[in-house]
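To start, the structure under review is shown below, and the notes come after it.
So that you can tell them apart, the chains are marked A, B, C and D in the order they are listed, and the count of residues begins at 1 in each.
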Amino acid sequence: MKMWSGRFTKETDELVEDFHSSISFDSRLYKQDIRGSIAHARMLGEQGIISKKEAELIIEGLKEIEKEIEEGKITFSVDAEDIHMNIEKILTERIGDAGKKLHTARSRNDQVALDMRLYLKEEINVLLDLIVHLQETIVAKAEENIDVIMPGYTHLQKAQPVLFSHHLLAYFEMFQRDYERLLDCRKRTDVMPLGSGALAGTTFPIDRERVKEELGFSEISRNSIDAVSDRDFVLEFLFCASMIMMHLSRFCEEIILWSTDEFGFVEVDDAYGTGSSIMPQKKNPDVAELIRGKTGRVYGSLMALLTVMKSLPLAYNKDMQEDKEGLFDTLDTVKGCLKVFIPMLKTIKIFPQKMYEEAQRGFTNATDVADYLVEKGIPFREAHEITGRLVLHCIKQRITLNDLSLEEFKKFSHAFGEDIFQRISIESCVMRRDVPGATSPRQVSQAILTSKKIIEWNRLHIV
Amino acid sequence: MKMWSGRFTKETDELVEDFHSSISFDSRLYKQDIRGSIAHARMLGEQGIISKKEAELIIEGLKEIEKEIEEGKITFSVDAEDIHMNIEKILTERIGDAGKKLHTARSRNDQVALDMRLYLKEEINVLLDLIVHLQETIVAKAEENIDVIMPGYTHLQKAQPVLFSHHLLAYFEMFQRDYERLLDCRKRTDVMPLGSGALAGTTFPIDRERVKEELGFSEISRNSIDAVSDRDFVLEFLFCASMIMMHLSRFCEEIILWSTDEFGFVEVDDAYGTGSSIMPQKKNPDVAELIRGKTGRVYGSLMALLTVMKSLPLAYNKDMQEDKEGLFDTLDTVKGCLKVFIPMLKTIKIFPQKMYEEAQRGFTNATDVADYLVEKGIPFREAHEITGRLVLHCIKQRITLNDLSLEEFKKFSHAFGEDIFQRISIESCVMRRDVPGATSPRQVSQAILTSKKIIEWNRLHIV
Amino acid sequence: MKMWSGRFTKETDELVEDFHSSISFDSRLYKQDIRGSIAHARMLGEQGIISKKEAELIIEGLKEIEKEIEEGKITFSVDAEDIHMNIEKILTERIGDAGKKLHTARSRNDQVALDMRLYLKEEINVLLDLIVHLQETIVAKAEENIDVIMPGYTHLQKAQPVLFSHHLLAYFEMFQRDYERLLDCRKRTDVMPLGSGALAGTTFPIDRERVKEELGFSEISRNSIDAVSDRDFVLEFLFCASMIMMHLSRFCEEIILWSTDEFGFVEVDDAYGTGSSIMPQKKNPDVAELIRGKTGRVYGSLMALLTVMKSLPLAYNKDMQEDKEGLFDTLDTVKGCLKVFIPMLKTIKIFPQKMYEEAQRGFTNATDVADYLVEKGIPFREAHEITGRLVLHCIKQRITLNDLSLEEFKKFSHAFGEDIFQRISIESCVMRRDVPGATSPRQVSQAILTSKKIIEWNRLHIV
Amino acid sequence: MKMWSGRFTKETDELVEDFHSSISFDSRLYKQDIRGSIAHARMLGEQGIISKKEAELIIEGLKEIEKEIEEGKITFSVDAEDIHMNIEKILTERIGDAGKKLHTARSRNDQVALDMRLYLKEEINVLLDLIVHLQETIVAKAEENIDVIMPGYTHLQKAQPVLFSHHLLAYFEMFQRDYERLLDCRKRTDVMPLGSGALAGTTFPIDRERVKEELGFSEISRNSIDAVSDRDFVLEFLFCASMIMMHLSRFCEEIILWSTDEFGFVEVDDAYGTGSSIMPQKKNPDVAELIRGKTGRVYGSLMALLTVMKSLPLAYNKDMQEDKEGLFDTLDTVKGCLKVFIPMLKTIKIFPQKMYEEAQRGFTNATDVADYLVEKGIPFREAHEITGRLVLHCIKQRITLNDLSLEEFKKFSHAFGEDIFQRISIESCVMRRDVPGATSPRQVSQAILTSKKIIEWNRLHIV
């Protein structure tokens, strides 16, 4: 029999029961539910809403249930709908009348909001920790390969030579923004909703601040109607997760490209590649592909909940039960992706020679020819035009800029001198880009130091 | 050891194994996988690619495995990656060398495409059947309530009186389009990809038409590269499902509105409503709300796979493994929603009196006043303007159009005569809308007959 | 003054006027609006609802307005809200009372549904035509390069050699599905909604079949409430467009990859590439990138309208005005993309030699080694394993399979004979994949013939 | 002739020119582009990269161009591609060689990133200001109606009576989170990317800190590759905008519901409602509907850019040009919606009597009956059950709880006493919910004070 059956004359249809029962997925919240109920019961006892004795009975009962859940001794029932009702029911079966008092001054609406916030706060911290691990891996990889030169690309066309370490550190920055966004999201998750009741608060003289303290929240929610109908924190998290996946998808795309026979810049370790059922020679960068693919799934969950919340009148509506599976799946997906991506990156093999060779092709030093001319006093637009014609000449001759004689250079502009040859070596191109944030070894070394300091700061902000 | 391990020097990392194993969800395809393998093996035997004896051994082995899976006797292994490899491995353990020959002239790429198509074709038929059931329920409900008058709305403002049955039949039309869209989707799903190999076909003299016939497909795929990299049929299905959910969400929205104390048009049966953990009086239309909410989830899966497929180079990429969970979840969701929606609609209680009373409020007969004036020779725009002023007058006096005396009517236009009173009764408003597709009882009765014929046609098109 | 102002005591707020006026974008529908109004007026005259004379006046007036719009002589006003009211207002200013009668037996709700359907039907035909052009370009390109061998990829790793023409024809198949999906969408668009009135039909004795005939529709809508609240046809079109863009994005992704210095398979013509503001050597495949990017925009419009329609109660709601801009932008985008993609593909330069060289790398003939062993009687799984070890051996020795001596081959299996060398030439690998849908020159020639027949069929189905 | 044409042998195809030209929409950035160029030129002069004289010429020239753009004297050309090239071209035409030097040490890649950040920072401030206006309107409306009682809803079923002011303040909280999210987004937008060049920095001795100071940024970007390929700030903004729209859509949904004849809680002012082309009586809450509908459009733009950015390799790709239209449209949409929503809310008419009457229906005081019993010592679960049966009894008798005699109450539980009647008056139900965040007049008055303080704080954070 349902806990709310008083006003009903019929049992719930069985199909319906299965349809709207959430125990199959919200059992994941058992720890948070019990933690919240313990804090609630203790406060009820302290405020004299129930007796101290009853409060103790409840707390002991809940602790025991938690232990048994962890030992796998408890089977939840679909009939009891969700984790909240399941636990309350088991508790009441065990401790009797005191159990029936646990739900005093509380509704599932504020209870579920509380559980979700407790749960997400913890999970955000797990994710912050994984991001820091990824950042450490990136920095270590950059440090190991500090001097490796690769072609930088725009439009996937060779653009200018850059340090491979500099390229890696671009990802450090993306994940740093993800880190900071998660901190901001955690701040808005860190609000204690209990005491909001069904939607209007409660008639009992509860102490919300007390519950807040015990559960480690920073503040209490300010409006009871909002508190039970707000899923902004879940949406904000799904957006943060979408951004992490987007960044991972870009990194994976590059690893997939670099792993091709044509690029040949890297090779994933045998432990992180997989073969083909039919083609014996294949080693596929499956991990990178699958992470790239899973980006869609996380975007989908964001879009799903945005759709759910659109136009919902206040306060709680059953539609909002759809917040959970998307959140849980997203957490599993993002954590799962980071957990395999990090060691895959750690163990990836780099081919500096191939990178270097490719950096020398594709006229990646053309901008430096133009810059050279500018230094000799030619306006940039003209220098660009002259260099463009030089490149076209080389393409037709099937040679590189480095193959030109000084005489040939001079045919295009008298400003060219002997020093042009030194100026357009790949090493020089990299070395001379020496402003803050640029690719010179000096700047990249500096960036590595800064990154390490950021990592330290990050470490301090995981609770 | 992996079936493709020849070229590898290391075992797959365990985390990676879990990460890209799909057995936890693609085990659902076991029936289709076995059906496909049986057809493949039989054809290999007939073509002399393997011996007839080997083909028989394989077929017997597969049938036995199917039986045992159904009896719950088989445990799949994560190590064997997916349902395809799991079954092949078990088969080989049982029948030896012949098992090792099953994958001749086949790749997982065409195999998985085959399984997905077989599976989806069957599931589409299940869905078509459910839609027809829903249509029957709608028509029955319309027939039972053929004469019930309710206010028709635009902008959720009362507009003109309509028959409740006419309103219900609007949904019949939506689901009919869904039905036809699914037929079109089934047509494009009904293509046999086996024989496409990894991407380029196969060197063995296979008979693709033979396999097609045995598996009941309408045609074979025309290009091997396309056949293994195409997931259009899954996307098209996800779109069809999104449309079904969108239509259901509109229907549910109305049921939720109609169930409010304020509208009071309907009441869901106790078996389809649920109570509150805190408020004893509540009976909530949870089923309708949850279906409305699940619309987001299905949209999300569509968006997820669209994202996955965007920019994927040919042919197969591991990202495409992400096609399955979204499809399976969508199938479960749409079928689950229809299965509870249908009986909920069947058992819903209608309050014709409340509908009728509300139809008389809100000046729903104002258009008929204007139409009346038009018939008396006044241009429509003027008639509209005059009636607008009449309505404003009534609002200020807090009366309805029916409360006006002929004298008052005449103050606004001399064209009004005695017959105006009969003309603007709610019954007359409904009765006089008597063109094809309109709300008069005559037209709606006709529409019910047509709907029944369509249902018959539909029944014939479920395979 | 608004045409509906009778019942109002205040002017519309000016900000609001701008906010919900749609004339800035729906003026695009002027032709369809006028065509629909002419058919409506003629029918009203024929049915005696207005006089023949009035009908003629209206028709003449409308034709004149159309002409003047095309000559740019008419300025629409925001105050008149939309294209429908603007035209009616101008007409009435010109022809007086007859103009005020045009809207008899009609509502903007069925009028706008009509205009949208007329418009979309025409635009679908334009799109069908562009798709056929693209298919012709693909087939011509395949024919020109019928014998060019390139590496086929899975997971972006070299897999098996294929004909470049075969690869191109994979796209033919994708666009053929797009073509057929559009035909299905057109079928559901081809329904005449006029006569549905605001939502309930009309009290006037109109002849809907007559209007249907004049406007060239296949059927009339069956339910007036559905007819004015249905935007399925727009959504279905947005989905079809999303699929076209998805296919284009895959094609563009490959062109971008193939244009890299590393792949070097193709070069876009100077007329379809663009340069850099800073790097003088750059030629970027911008067109392909931009099309790839525009995929997001079309997906976005699909998601936007799905969101709009979710949970909308019947019948018309103002939210539905949001169907237009997304549809118009999508049409412009898809047509625009096809119009530049086609000549870009036509003029692209192919480098068969580079393709051929790359096809010889990456052990693309390994499957053929395994198949060879199978033919010698070794079960496929063992043949795969042996070949895997052979490949590993070659990788360690930095040689290819073709570099092995027979003796070396025999160390891995005694089944190898002299004929292995002939068997594993790239040409042989391609030639021997000779089943329907596979990559052999014979099959691809056949596919080209079939494609041409399909194009002929397609041509016949553009109205 | 293009500014990058040196290496090309052909003109760009005209269709292509139109296709990838962005001047039609990015001309909106002219102010930011000029401001950025002035800061860049001044710095180049100070660093001696160009002469002080040249810098001055450039700055004067740019200021003049800005003035002329504002006066509408300048026509941009499609041929010059975008706003950046257009302005540079016009400048060079006017000041000659100095103009050709402006682009020294700069690329369009870092230039466009700069312009977008400058622009978005300003626009975020505009939006923050609008949000504060909306919050003020909400607080004023709550204050005016502080004592109005309405039914609170969950599942759109009457739940418990609440103050209308309390309900309004729930929206205050939503928009406060939007406000704070925008501040966080502004923080990450407030980063100066110039000096990152095409992707690798520049060879010229520029002073990035100097430019940062002049343009009022908080920090410079730390990695040049990231700086030119990062659109996180746009995505984060689109997410913030989606949340604002989601909140508005909920508010609008309620206004639409409340405006129905059935609810009758509010009426929008004539200046914010619109009529029907056919039904003379209609006044539709179009503004609310249209805002609700526009939610889809903003979600769509978020999904569009997430799709664009997925899997893009570093650094800049042309796909990223698709960031602009979605951003601009979203800004226009959100600002436009707020600008009409605020006065619509300000002028809306409230019907307190209807709200009060409805609050008394639907057993909204049932929870208080249960709470009463709890206070008398009955465990909550039992009290809930007893009350449920009481409600069922009343439903059958078609009476309310207030209609019961004490005797009848006592039939259900002996714990009932005379005081029950006072306890379950609607006023008492509201008054007794007196914990922080709850609906009692005391708490809501407190909430209004807090809200005003928050508004003050908000005011201080708009730059």
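Simple rule for what comes next: contacts are C-beta pairs under 8 Å (C-beta built on N, C-alpha and C of every residue); 3 or more make two chains touch, one makes a residue touch a chain.
A quick note: this is a predicted structure, and the numbers were derived from the prediction, not measured.
Between chain B and chain D, the least number of touching-chain steps is 1. Across the two interfaces under comparison, A-C and B-C, the one joined by more C-beta contacts turns out to be B-C. If each chain is reduced to the centroid of its CA atoms, chain A and chain C end up 34 Å from each other. Centre-to-centre spacing of chain B and chain C amounts to 23 Å, using the average Cα coordinate of each chain. Counting partner chains per residue, chain C has residues 3-9, 103, 109, 154-156, 159-160, 197-198, 257, 275-276, 278-284, 286, 289, 292, 295-296, 299, 302-303, 306-307, 310-311, 317-318, 367, 384-385, 387-388, 391 touching two or more of them. By the touch criterion given at the top, residues 151, 154-160, 256-257, 259-263, 275-276, 278-286, 289, 303, 306-307, 310-311, 358, 361-364, 366-367, 369-370, 384-385, 387-388, 390-391 of chain D touch chain B in their complex. Across the complex, chain C meets chain B through its residues 3-9, 92, 97-104, 109, 152-156, 159-162, 166-167, 169-174, 177, 180-181, 184, 188, 195-206, 208-209, 220-230, 232, 235-236, 239, 242-243, 246, 249-250, 252-254, 257, 292, 295-296, 299, 302-303, 306-307, 309-318, 367-368, 371, 374, 379-382, 384-389, 391-392, 395, 430, 432-440, 443, 447, 450.
Residues of chain D that touch chain C in their complex: 2-13, 15-16, 19-20, 84-85, 103, 106-109, 197-198, 269-284, 286-287, 289-290, 292-297, 299-308, 317-322, 325-326, 336-337, 339-340, 343-344.
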